[in-house]
Structures are given as structure tokens and as C-alpha cells.
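What follows is chain A paired twice: with chain B in the first complex and chain C in the second.
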Partner chain A sequence: MSEMIQVTVKLFAQYRDNRFKVKEIGYKDGTTAQDIIEDLGIHNDKLPLGVLMINSKHQEETTLMRDGDTISLFPKVGGG
Partner chain B sequence: MRSAIEVFLQKKSKDNYITLQKELECIKTFGITLRELEEQALLLGITPLRYKRNQITIDSQKQLQLLRSHVAIIGCGGLGGHIAEILARVGVGKLSLFDYDIFEEHNLNRQNFSNIDSLGKQKVLVVAEEIKKINPAIEVIAQQIKFSPQNDYNLISEANAIVDALDNPETKLELSFVCKNYKKPFIHGAIAGMNGQFCTSTTLENFYKDGSSGAETIIGNPAFSVTFAASIQSAEVIKTLLGIGETLTKQFLSTNLLDNEFIKL
Partner chain C sequence: MGDKIYRVDMNTLSYSIEDVPSDWLGLGGRGLTSTIIAKEVDPECHPLGPNNKMVFAPGLLSGTSAANSGRNSLGAKSPLTGGIKESNVGGTSAGIFSKLGVKALIIEGIPQDESKFYQLHVTKEKVEFIEVPELVGKDNYEVLDTMLEKYDKKVAVMSIGRPGENCMLTANVSVKDPQGKLRSHGRGGLGAVMGSKKIKCITVDAEKYKEVTIADPEKFKAASKIFTQALQKNPISGEGLPAYGTNVLVNIINEAGGLPTRNFRAGKYEFAENICGETMAEIINSRDGKTTHACHAGCVIQCSQVYNDKENNYLTSGFEYEMIWAFGANLGIKDLDQIAKIDALMDDLGLDAIETGVALGLAVDAGILEYGDGEKAYSLIADDLANATPLGRIIGSGTEILGKIYGLVRVPTVKGQAIPAYEPRAIKGQGVTYVTSPMGADHTAGYAVATNILNSGGFVDPLKKDGQVELSRNLQIATAAVDSTGMCIFVAFPALDEPECLPALIDMINARFGINLTGDDVTNLGKSILKLEKEFNDKAGLTKADDRIPEFMKYEKLPPHNTIWDFTNEEIDAFWDF
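On to the complex of A and B.
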């Protein structure tokens, strides 16, 4: 049985709708940022992802999550 | 020996301020432009009365620096129209404005100078005309083009700062890289609903993985989000031009007016 990691998930703007602002969630070891995005049901065709930060640093979706990480997700903002 | 214009300015000013009426009298007498006159006045420490309430946040010396500055605003929709007005009122001496679009009914909720009479008119021409009415001392260049950062850079190469008031991630991203290549201060702002994001002189690949639209196409942009964002960007421009305070260089400011969250990372 694979080990579990604890990740603090912070959601911003419309990503909070019907979800939460901040929550600590247990994931399987080997979980990537993309796995979390999919697990949350954040689909690119509705509100595309803008900023992805892990521990306050910009990161790629492929980044492997570690125990104790904080992931922050912001919808893409492009209006002017 | 003092020039005749200097003598006039000193004689006609009161408490180191000169009124517009006296300025107009002076330019008529000496055949110079309002901008030339204001530059001479500020050099003498005499401030046009219009800037009195800028003081002392912006003193006469800084006012002169602004008068000698040139800012390019790319886009004259929501953000650009308001930024153009703010910079004209603050006293930035030269503004280059770019937009290819006309005012439409769905712009009335937020875009500066859109009104029943300006519907159907070129945004860039309307904005230029209106801000010249606010501050006739500044030079305004209106370019009716769909700005291409790669191809049209020559039109902004003289500017001291470039404002991203574009409405699409694709061109925003491209502009950020062009400004980086030419080492031009780049003032980014974007909005969607009650959210905004801002950074200065930073390329935008971490915000826009691709050129597709953001949440704004679904959730719109209300007026208060637009004016809020225009104010943040205008302050970034002024701080950049004057070299004061702390700008958002290499930082990311995310704002959320719904929950009053202002996060700087």
C-alpha cells in the first residue's frame, strides 16, 4: 500500500465556487499537481487554469507533490 | 538675465502656482506651446494650478519629470481608457494610444468615454480627444491599429513605459517578451469578474501557458474591477517613471474584490 501525503490546497476566485477556500487533503504518494487539478474537477474548458504555485513558487502541472506542500490555483485572468 | 517668459511666469504666478488663464495669456503673448510653457514654469519651481492637489505626493520636480515622460498604452478599452485619463490628469507629457476597435453597446458598463454619443466611434480617437480636453498641455498620439508587438515595436520604442491594457492573453504574452527583449518597463494588468492580476517588467509565461482566453469571457468585467485595476497599473507607471516606492517587479499581485483579498507573491 502506497504512503499518503498531506497537501494544503488553496483555491482562488471562481475555483472556490462549490468547493472551498483552503483545505488539507491526503493524496497518494506520487500525486502530481495535475492529478490534484483533475481530482478537484477543474476543467480547462470552463475556467482555464492561470497561475499554479507550489509553496508560493510558479510550477508546472507535472510537478510531483510532496508531503507538507501547499498548492495554490488561480483561474486564468486575461481581460483588459 | 531672466527671459521675458520667466519674468512673466514669476509676475503672474501666485504662491508658485500659475492658473490656466495666465498660461493661455502667456502662450498667446510669446507664441509657444502650453507644454513648452509648463516645462519652463516647472523649471522655475512654478507649478500649473491643475497639479496643486498632486502636491506634495508629486512635487514640482517630479511633475517636470512626468511632463518629460512618454507612456504607450496598448488598448483603449476597459483598462486603457481609464489609465489614459489618469495619466493625463497626473501629468504624463506624452501618451501614445493604440486600439483598432469602435465603442459598442456592451462596452457601456465599464469603458471610459463610452456613452450614447460615442457608440460606433473609434475608441482611440474618442479617448485621445477627451483626454486632450482634460489636459491640453500633453501630447497625445492616437494609432488606429491592431497592435502587433513584434511588428509595431518601432511605434513604442521611444516610450519610457509600456502599459498592457490588452484584452487577450496571446498579445499580452507576446508584448511581455518584446518589452523584455528591449528592456522596456512593462506594466501588466488583467481582470476577470472581481479578480485582477498585476506585475511589472515580468514576462507572462507563468500566467498564460497558451494564448487562449481566460475567465473574463465567461464572467465579464464590471466597472469597479476595471477602474480598480486601472488605478493599480497607473500607480505602477508613475512609480516606474519617477523611480519611487516599490513596484511589482518580479512579483505577482492577485486581487479579489469579492472577498477583499490582496495577495502579493
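On to the complex of A and C.
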């Protein structure tokens, strides 16, 4: 049996609608950012993924999640 | 096109209406204001003296039906930076100037009798000089209401409050928006320049204006449609900005560790959720406010909003990220209502949100107030700054001077102008813009945040130096050109990511004037504007040593990434190799 990891998932802007703001979720070891995006249905959201950060740094969807990581997901946002 | 240059001399209280010199014909907005300032203003003049000039110029597409084309530029030598300044604004002035055929309004000189303030009323045929003793000591909304009683409701109004009258470096020139609220020519103390010329307000006749002429209406209409669609289909200009306003940035900049907190001591604010765009939208919706609101006619993005108080009564509009950051994260206030109250007060007084907020953040280091004390911040503005008490004048002189008076080292300015809401140590491309822009620390001059943080126009790692100088250079060149069109800077998002957007913008300019600009011509225009502005600053006495980040950012590590500003002088100076 694979070990579990705890990941803090933070959602922003429209991704919060019908989901949540922040939640600690247990995933199987070996989970990637993309797995989390799919688990939350964000890959099917009408707004495509804009920015993905892990521990406050921009990362690729293929990044392997580690225990204690924080993943932050944003649709395309902007301002100035 | 029949457009004219309107020239006002405050020394003799006279005006002239002149033909447009041929080399100014293809210019508008920033391109025109900077060209006129560079040609006609002695770079060594005192910014508040008789030899500085104010130049208002609508953009090339202002007054047309083109979406988001209602920005008006104001240029002068800045009393804050000592260099050239262009500041553009929404509101109704750009469209009204354009329809009246005013290519630029140039204001020079200072009245011989310095005891009086004037209203200038611009019509097609003339400029009237009206003494307004009853408005002296009044603030923007009272001036605006007085003008709306006197003229047609559509009249354009540009005014200053008491800080402008008192020639404070934090003073803006305020402009009426389509809803009768205020927008600002911010940054650089341009309200002080207007105050020095003893002009309380400028009104522009909107009753008898006509539509602007379009050389090729069919071509214009076709290009305009493509342009509007690009704005609407882009996820940022079409979805994100309308839903949450510019304040959607609080969370993403905070998550990235680049939200300047407590006078640039950290890149994350623990109360970000209290003041973020998502929370603001919830509050607005629960109080019957509006999350969308146009700052100028023809805006399809509508990033502004109407923010009501707890009793559902109007409190403020145009409640922007920079304001909320400056008084929130940077001054430690966590109550959005308190920040909104200060925003409304500052609109009425005509105060720059960034310069005033950053000065107050530094005032904590000076022992004047404590972080998070919104009541004290309010009273420092309403009582001291507005009434020009000695303490009010110190704060109203901006961040750099306040720092000098209190002997402080952690002073976040470039060229004397306060650094806005993006940490240069954690968003390095934006830092390059701060140090190199001829405007001083200005986030709009080359918005590298787009590519450093927002994944617009690709991605350049915000924590590394690689590619940042080139990124900032390209953005500053493009922005100088876009600032000449009258377009809102937020067309940059679709322009970076929708391939049809920029060609459509150029097609609209060509159809409006019957010319044949290419993409290269537009890039060259941007380059020449930047170089002209740099040359003015060089002659004004600014040097490479002014293109530098505050020293503390080179040795103080910024949490959470613990990065410093690590560019060499040579790397920064290479910005100008084009």
C-alpha cells in the first residue's frame, strides 16, 4: 500500500465557485499537480488553468507533489 | 482633420488656437505630450515655476467608437521626480477633447497676481478665464457639482483639491467619469503643477461637439469589431477583470511572495484574504453594489466597481488594487471598509493612492502612526494633509522627502517616486521597469508582472534575473506606443496573447487617419518616445545613478523567497541599448 501525503490546496477567483478556498487533502504518494487539477474538475472548468504555484513558485502540471506542499490554482487573472 | 492646438498663457491670461505642426499630426496621447514637453520645456526649469508647461492630449483613437480608447494623457515636468511625466486617465475628457477638435491643450506661465485661482472653460471657439474665489479651499466633488450646475451634465471637468492648491507632491489632477465620479491623473504630483498655475479646474464644452471624422469608416468598423472581440474573448480582459476588478491581484501576488508588506519588509500579508478581490466581490454583491463599472465610455472590460457601505449606500468607486495594497498590506489595515472610506476621501482631495499610502507606510517607521491604525491614517489625511499642517505637508511631500526628514534608510522609491504594489526583489522584471522607466517607479510603464506572474505573453521566472531586462524593454516600448493611442493599458493582456488584437488596433489607427502604419512603425514610435523622455531626463540632470533600486533591497532578504535585488549596474544600463 502506497503512503499518503497531505497537500494544502488553495483555489482562487472563479475556481472557488462550488468548490472551496483552502483545504488540506490527503493524496497517494506519487500524485502530480495534474492529478489534483483533474481530481477537482478544474481541467474541465470553462476557465482554463492560468497559473499553478507550488509553495509560492510557478511549476509545471507534471510536478510530483510532496507531503506538506501547498498548491495554488488560478484561472487567468490580471490587473494593474 | 481640422484638429487644433489650444495654447493658454496664464501669465497674460490669453490663449491662441493654432494649426497642428506637421510633425505632431501622427501623434496623440503620451507620444504628443512627451514630444511637446521635450520641445518646449527647459528640462532644468523648476517644475512649479513659470517655465513648466502642462499638456493635455487625447489618444489617437479617443472619441471614436473603438473599445477602451478613452484615455487622456497629461504631461509636464514632474515636481516629484524632477523628470518628464506622462499620466493617463479614463473619465470623459479624452473623448470630449477629441470631438471638439482639441489635439492638445498646452498651458504655460503663471498668473502675475498669485492670489487668485481660475477656471478655464474650453469651447470650440475660445478659452475663457473665470476667477473662482468661491472654489478656493474646496475639494473635487464640490468643484464638480458646481460645474455640473453651471453647464451641461456632460461637460468634461478636470480639477484639483486642497493638496493641489497647496502644491503638494502627492496631488493628482482629478477627472470626471461618465457616472459623475472621479478618476485621477495619478503619480508625479501633477496636481501641484496645476496648483502652481493657479488653475482650480478646467472644463471642456461637451454640448456642441461632433463625432470625430474617420477617413475610412468601413475599414474602421471591421477592425473595431475584431479588436472588441479580442478583448472579450481574452480570459483576463473578458472574464477576470470584470468579475473581480484589479484587486484580483492581491491573492496571486501574495501567493507568489511579491506583495510588499509593512513597508516592503515581506512579500506576504497574513490578512490578504480580508482585502482580496474575491472578498471584495462578495461584499459588493451582498450590499447591492456593482462589480462592473466603466471608467470611460466604450469600455468593454469594466474593471471598476461601485462599493457600498454596510447600509448599502454609495461609498466609493474605482477602488483599485494599488489603493487596497497601499493601505492594506503595506500599511497593515485589514478592514476593507476602512480602506474604502480612505479611498473616497482621497478621491475628493485628489491624492495619489500609491504615493500617499507608501508615505504613510514609511511614516510608521518614523513613529507617526502604527500599522493597521486606519483611523489615524484617515485623520492624518483629512486633518493634517488636507489642511496643510506642517505634518500634513511632510506626508504630502511624498515618501522620499518624508524619509529624509525622519532620517530613514528603508525608503522605497525610484527617482523620488514611491514603488507600487509589486516587490522588485520577488518580481524582478517589474523591478527593471521601476529603475529604468523615465517616469520613476511606475508599474504601468512596462507591466512585467504579466509575464513574471500571470503567464501572459509567456513566462519569465520572477525570481531570476534571466530575460528580465529584455522583457521590460519590450513591454516599455509597446506601452509607450499604446499610451499614444488612447487605449487603456489593459488591452495589453489580449495584445500579448491574442494574435489578431494588435493588428486590429493598428488597422483602426490607419482607418481613422487614412494612413498606413505597420507594426514596425508602431514599435519605432514606442522606441522614439522612450528615448525622447530619457533625453529630457538626462538634460534635467538625472543620471545612471537614478536608474537604481533603493539600496536596502540589495542587502535585506525578502521573505518568503529570501531574495535580494542582484542586478549589476551594467545589466541595468544595458536596458537602453536599442
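Going forward, the second predicted complex is superposed on the first by the 75 of 80 C-alpha atoms of A that agree within 3 Å, B and C clash if a C-alpha of one lies under 4 Å from a C-alpha of the other, contacts with A are read in each partner's own complex, and residues count from 1 in each chain.
The criterion applied here is as follows: a contact is a pair of C-beta atoms (placed from the backbone, for glycine too) under 8 Å apart; a residue touches a chain by one contact, two chains touch by 3 or more.
These numbers were taken from a predicted model, which means no experiment stands behind them.
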{"item": "Which superposed partner A:56 touches (first chain B, second chain C, both, neither)", "value": "both"}
{"item": "Partner chain(s) touched by A:48 [first = chain B, second = chain C, both, neither]", "value": "both"}
{"item": "Overlap of the chain B and chain C footprints on chain A, listed as residue numbers", "value": "12-14, 47-48, 50-51, 53, 56, 58, 74-80"}
{"item": "Chain A - residues contacting chain B, complex", "value": "12-14, 46-51, 53, 56, 58, 74-80"}
{"item": "Residues of chain B defined as touching chain A within the complex", "value": "75, 77-80, 164-169, 172, 189-197, 206-209, 212-219, 221, 252, 254, 256, 258, 261, 263, 265"}
{"item": "Of all residues in chain A, those that touch chain C in their complex", "value": "10, 12-14, 16, 21, 47-48, 50-51, 53, 56-58, 72, 74-80"}
{"item": "Touching residues on chain C, where the partner in the complex is chain A", "value": "234-237, 239-241, 243-249, 251-252, 255-257, 268, 273, 277-278, 303, 320-321, 443-444, 447, 449-450, 453-456, 459, 461-463, 489-490, 493, 560-561"}
